[in-house]
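Multiple structures follow.
The same subunit A turns up in both complexes below, where it pairs with subunit B and then with subunit C.
Up next, the complex of A and B:
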């Protein structure tokens, strides 16, 4: 233990630098601006369409932004648990940003309430909630036979009561996990002795079960929140796709945070090129995994060409949606793949920043492509209207407000966890591991 | 439960991290080299090796008999018939290919992830991959009915101007599996070159010196050699990594692109890959546990390896369980009569016993691996490896047989009962696999000495403390 082979000591300050407050202010201003734009667009859209979809689009945009922010919060928690299980230096350096992400759970719970009320209770986002009396709706020609059959069959699950109950129960469980992970992390820091084995075992025990639980709960949540928008469609890989999709946005945000923080201590001397390179490689792996899932599902459904499944893709390719789908492939795979393939790029902060920004943008773009065509008025018909711009304004506003909270949480704890066996390694110079 | 004050008395546990050590303390470069090379260079072949080799050879004879009779009589000696046209042949093919995946994952992905613990087991895991692919490759070729025309699967200019059906995933298999086999062999052989040179330098007999000299390709251990070796290793690992995903994904598409209830499901590619790694790691343990005992390699293949393999099995087993659960849930959620019936038939149909066997072996019993103490119990882990491999075989049985035997039309339903030739062929490949493995451990270094030496404390480069360091010193984890 009393080894003297370390190269650098811990920086004199471990707290977040003062410029994080500036980030928070800027995010707040941007959030307010986008929120105002979103309201204006809702009014403009309300008058523009014959169907008066302005406010409907506002809430669809909210759902889009909410799913993304949920992913940043609890996807961050999932990645935190994965790094507790896998160990390694990369986990140590991203731990505090990930902990800060998952401490934003109160905001995620609050953001859920309006979308659940409007979407399910009021029935404006979910057809199964709107037409729970499916027989009457079928008679009036408001839904077709397939939709009526799906709503009738799935009613034990797809009903307003269960939607609320399940969603709130999941949010409570995940929030409890977040509280526990953060509390223990602080206790570990305060422990006068390293007690490495004790803490490692404790975090492993919590995280092992937590990762499994998260995967199961996410599977249920994405069915309720997104897949059930079109109750006639189903796919067994849907939960997996969201699982990877969340990591696809969380890791780039964690890297961007570290790059931003590396302008000052304590991250300047601890975020070495070697860890940056490792995180870049992990991003690259996520890019590949993401396209693997997406293409696998597409290939199977396309080759099956069955009337139950293929409309989901046709709704998202025809009627102008082909442009969005093509750009989705470009943003989601082609650009990050081409950029992250380069070893040098992963080691240069300014260039890795570009790749990470593209990945986060691609995540939002993909959610738009997944959510909007699920509605009958938008399927196979991409109409450019004021309302459609809500998919930019509302998610951007929600994301900015979430960032405000995230940056605030970032300033509340030391950025480097102590009592970790990998601490000595990240304090060595780059060339030791080059 | 974690306790703060538990004293560490086991020398195999690092007192700082509380984790099992990758290599037992006290080893030097020389002791590692001696221990591994002695197994191969000894003139005294252990009796136990001869016994195992002869038993495995007996099974190879059985395989030869079964295949010869197949050539004489045709595939009619197997139980395959309409509607179950894919019987043991495809079940065994998928099972063997899956076994091989752990080798590629250990040698390629864990190398890229800088997981040092892989070093003791990667060589024989790679060998396992190659032998498993050899066993797997036999089945589709024999299943062709006219195996001597197997070369028709490859696109080549011919007088009939015929091309293979490139839209069929069975054709994709040809390319996926042959690429996989090629990369695996190259990776395995290239990684062995420094050790083959060590064997050349330590061999006593002229013949051994000549043979190891020939296959070590003039390796001298110069800096230039090592630089190229490291570069090639990383490049091959980069090439092999997508193969871990792609090969079994392509195999899953054999089923998933067909419009058959129970087959046509989007989760198949990742769930097949996870299942492959699951069974592959189980097979690594099935081989590693007796080998470490027989050759007294407990200090090189330590409890850390067993524990880590168990963790990987637990993780991939949970992904597999997620896949099963997703299928069950979607069978209801789909609101499709066919999907619903398929799941009911799997669970409670005439072959429901096979479904519950796979659930017991792949999901229920492996949950015991959550218990830390059981993960480090050698006997338990050996038993668990056998259980998982049995369960994974039944998974393929359920997918192939239950779906095919009861498809859309009740008038076309049938049943399946394997013949003695089916069993003999399968058991024969198990023997062939073991036979090849016995040859491997006798004539080639099964543990990569060169990589293991890099893990010893003497190989680690550490810089000295900076005199100008002003911050708080940080203690370092023990080696």
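Up next, the complex of A and C:
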């Protein structure tokens, strides 16, 4: 700090290198391919078994992909706010990628509309919407007693009207935050004076409240979007798990972005090993926090001896799901934990890339394990069908399309914020602070 | 048991750790084995010079940890499967993932306790009486700024006159005979 003579000057260009357009093209092609596969799979699945679940699985896959993309967008915004609150050099280097992530909010709003329309209004994803007339459904034997009871008493919250209203209100508030954070960031760079204290306070005041607000809204959203698929079950740590789960996917994506961009200026000379190491350490912390919440939730419910809650896990262990659950632990914790334990690995780009890819993959895998067994046709019975493959095709397509938008946003601003006291530090040579 | 009598050791006092380490090296080279160094702070070279060897505390710790793991895991399995089986919503009796945390905790607890008590058992502490405190210069200097080398009388090579002249050749501040 206070070092006015930079050891190496600011790179001559601060804009994204031209190869980002190439990434965008590739993501677009992959997205189109996955989308075509998804539609083909839906038709194949439709004709496959007696229940004709092809298109239903398509929309379940959409929900899976949507929740993931929501996490990349607004989870990125949450990490951006955390970074404004904590300060630090690691925050400066990831700030612009995180801002680009949360500028994708229009796409997240658009992606939500089919979920709400097909899932709630049409009732194809949520049984509380499908059988809002629970007494009738119970008489016809379409739902059991427990489900009828849950639908009846949760109706004040779980109804189509409130689903739409709450989700859109949350998306509006979060988008407003995203707009504000991005606008101020540009204004800060354009400020002719550094005004460090003024800007820091301004961002801190917005972010401090914003982080808490985001957590509360997220809790509500995941209850509506995912937990309510099985209205008989509830858990108070569910929101926390998604909160950490989003950071678990966002931070690796930010690291991958930086590693990709570091092939050229301006990131090549500013993304130093020391910040890379710091980001790797933060990933490691998230790996531990994630398993702590996931295993803690399991242990408390499992040892709590409550017959109302344990079946939620049995639905996800029996009938072939045990394989998915075991692999979930391996992908989510064992592999990233073992990899990130090494100091060298966090400092070598090619190896850190592997760890980050595993983490993002694990995030999608976990969503599959959380969503699909919530449906009664799949609980305790993992049936390998064309429809199950929708959980690969649709989320992959949505994620690729989201990446197209993200890469586009990445090219629209300089990749390094220039009005920040940490700038002098990241321009110094690697060993100065090592 | 009769109290031992006679000479416990010959004690040489040194001004610097370098002199102590040098003397300890010479003593080992001369064939002395039962000897000890006393310093106000840890001097690793001195431990090396008198032939410090690895001890068995880590093995005791490992065995203790494994016993703790087996004990708690066994206890949980016994309770859940045989002694008090509870059928809650069809949950399997033998749910090993849920047993991990207490079993892990007992591993830590038993490993820690065995390391602590194993260390005490192997190094002979606590020792309420030790003859070296009979030397007044030891009482004054051992915990502040002096370095001591003791050649113990139980060493087969020890002989009062010969060992004294050996120590005096190492240019110490003083050499004293310590009684039991």
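In this section, the second predicted complex is superposed on the first by the 429 of 434 C-alpha atoms of A that agree within 3 Å, B and C clash if a C-alpha of one lies under 4 Å from a C-alpha of the other, contacts with A are read in each partner's own complex, and residues count from 1 in each chain.
The working rule: a residue touches a chain if its C-beta (ideal position, glycine included) is under 8 Å from a C-beta of that chain, and two chains touch if they have at least 3 such contacts.
Owing to the predicted nature of the structure, the values given are computational and were not obtained by experimental measurement.
Of the two partner chains, subunit B and subunit C are each touched by A:299.
Touching more residues of subunit A than its counterpart among subunit B and subunit C is B. Contacts of A:133 after superposition: neither subunit B nor subunit C is touched. Contact with subunit B, but none with subunit C, is seen for A:223 once the two complexes are overlaid on the shared chain.
When both complexes are overlaid on chain A, the residue A:22 reaches neither subunit B nor subunit C.
When the two complexes are overlaid on their common chain A, residue A:307 makes contact with subunit C while staying clear of subunit B.
Once the two complexes are laid over each other on the shared chain, residue contacts for A:338 go to neither subunit B nor subunit C.
With both structures placed on the common chain, the touch criterion links A:153 to subunit B but leaves subunit C unconnected. With the contact threshold set out at the top, residues 299, 303, 306, 308 of subunit A are in contact with subunit B in one structure and with subunit C in the other. If you check the complex, the residues on subunit B that touch subunit A are 1-4, 6, 8, 16-19, 112, 242, 245, 249, 253, 256-257, 259, 264-270, 314, 318, 322-323, 325-327, 330, 333-336, 370, 372, 461-466, 469-478.
Those residues of subunit A lying in contact with subunit B across their complex are 1-12, 149-150, 153-154, 157, 193-202, 205, 208, 212, 215-216, 219, 223, 232, 234-240, 281, 288, 292-293, 296-297, 299-301, 303-304, 306, 308, 421-425, 427-429, 432. Interface of subunit C with subunit A (complex): residues 86, 88-91, 95, 97-98, 101. Note for the complex: subunit A touches subunit C at residues 295, 298-299, 302-303, 305-308, 310-311, 314.
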